[in-house]
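Letters A, B, C and D name the chains as they come in the text, with residue numbers starting at 1 for each one.
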Amino acid sequence: MPFVYHRTVRFADTDAAGVVFFANYLALCHEAYEEALSQAGVELGSFFKASGLVIPIAKSEASYLRPLLPGDKLKIVCTPALLTADSFELKFDLYKLGPPEKIAAKLRTEHVCISSDTRGRMPLDPLIASWVKAG
Amino acid sequence: MPFVYHRTVRFADTDAAGVVFFANYLALCHEAYEEALSQAGVELGSFFKASGLVIPIAKSEASYLRPLLPGDKLKIVCTPALLTADSFELKFDLYKLGPPEKIAAKLRTEHVCISSDTRGRMPLDPLIASWVKAG
Amino acid sequence: MPFVYHRTVRFADTDAAGVVFFANYLALCHEAYEEALSQAGVELGSFFKASGLVIPIAKSEASYLRPLLPGDKLKIVCTPALLTADSFELKFDLYKLGPPEKIAAKLRTEHVCISSDTRGRMPLDPLIASWVKAG
Amino acid sequence: MPFVYHRTVRFADTDAAGVVFFANYLALCHEAYEEALSQAGVELGSFFKASGLVIPIAKSEASYLRPLLPGDKLKIVCTPALLTADSFELKFDLYKLGPPEKIAAKLRTEHVCISSDTRGRMPLDPLIASWVKAG
């Protein structure tokens, strides 16, 4: 089941062109990811820690389909999928609520589990792996 | 009646010291202000426009009382008060939810209504003035 | 000739994992783009305006190869290329200065010229087109 | 001697009103502080660490005197002064370069040295104390 996150566009998200700055679409989707992990019982403080087993983002892709304005109501649908034993992807569909509701962006991130010491790949923690598989 | 806004701390709010970056406390309080205006019927897109009658922030003050971590649940209480016919202040009390609930910061901003053309002071719009007086 | 931009990593660029937040790699590259346009004689205020002929970012891709820490010295190499008469791409190679110098990320953005009224595609302004072709 | 830092306003600094977001004036001044520390021989990675002897910002004040636009060239003058054996202030004068050069904001931050374990006040490290006294 995908995870659904709601968010209102804020002024701090926008730039002088009057709309959400392109880099901030990624930040909005990361919020959905954080909330999904939190509701799956993952403790955020230790999950995003700097040392031990870490899961940095290796790749991101975004298609920007529609500008977003301050006050716009958003729905972000996050769908995780396992890639290998040590990596997964997240797909994000970002909708501007309506009526009519319209797709505003599609994003994808790729996450790889590594040891912060050796930078070598490591199997995903069981809690994370089961969250990904349930997605 | 003061306005109450709830927010979870996100990774994008924090810096390498592991806690919310000091400038972002101001951004968090501005979100509360935006939400309060929105619920009072103010259309955000035109309120924060670049031209005509504008209400820029003239001053800010903040006391940082407690560090905030990713995942922390916040409650921000916003209390407006009229200063003159063309200016008002907002006081923000930012709490970290518990138990026990603890005050994490106290902020104050000062807002002055001006003409974007002349930069001269102008009386507040009646809708904004009544929102401030009700606060 | 590609354009070269230098930048030091700041605390505001980082998150609680101690390194630059993944979305901020895009913001860093956008700074290089702004500086390149500025040095090519483009007036930034009107270029990134909200109305008339606008050139929003339609796509972005990023490969994150190395974490970046506060104080790290960066070199960003920006290479533009024409895609069609109304669109271009920018490739960014982001290096962490050394010794030894190391590639830290590779990004790509796609830009499409449209009318802000009709949202239909429009030919690039000659000044922008010549900047892209010279890249 | 005060420390002088130069910076160009970027799109990521601005919001939908077309000018630098009020919270980002604080971030701009923090960049000047980071650069001043770096040039004084302070290693930023360990200075802004999360544990041990830490120097969080306890207070900030800002007077916003002039809007700042994308592409504006800024000069930030940072003047440190000792308050007590365990605290100091930084005053920032932020100028928009001209001609004519104009003051755009005045900020002040207050920094207190504490133990990250006990949260009790601790004397400033000699390197920091001498940097503050030289300011």
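Methods note: contacts are C-beta pairs under 8 Å (C-beta built on N, C-alpha and C of every residue); 3 or more make two chains touch, one makes a residue touch a chain.
Keep in mind it's a predicted model, so treat the numbers as computed, not measured.
Contact tally for A-C versus C-D: the pair with more C-beta pairs in contact is A-C.
Taking only C-alpha atoms, you rotate subunit B by 180 degrees to land it on subunit C; that is to the nearest 5.
With centres computed as the average of Cα coordinates, no chain lies farther from subunit C than B. For the pair subunit B and subunit C, the distance between C-alpha centroids works out to 32 Å. Distance from the subunit A centre to the subunit C centre is 22 Å, each centre being the mean of its Cα atoms.
In terms of their C-alpha centroids, the spacing between subunit C and subunit D amounts to 27 Å.
In subunit B, the residues touching two or more other chains are 11-12, 15-19, 21, 23, 27, 30, 45, 48, 69-70. Residues 8, 10-12, 27, 30-31, 34-35, 38, 43-45, 48, 69-71 of subunit A touch subunit B in their complex.
In the complex of the two chains, the subunit C residues touching subunit A come out as 15-19, 21-24, 26-27, 30, 45, 48-50, 54, 56-64, 67, 109.
The touching residues of subunit C, counted against subunit B in their complex, run 11-12, 14-19, 21, 23, 69-70.
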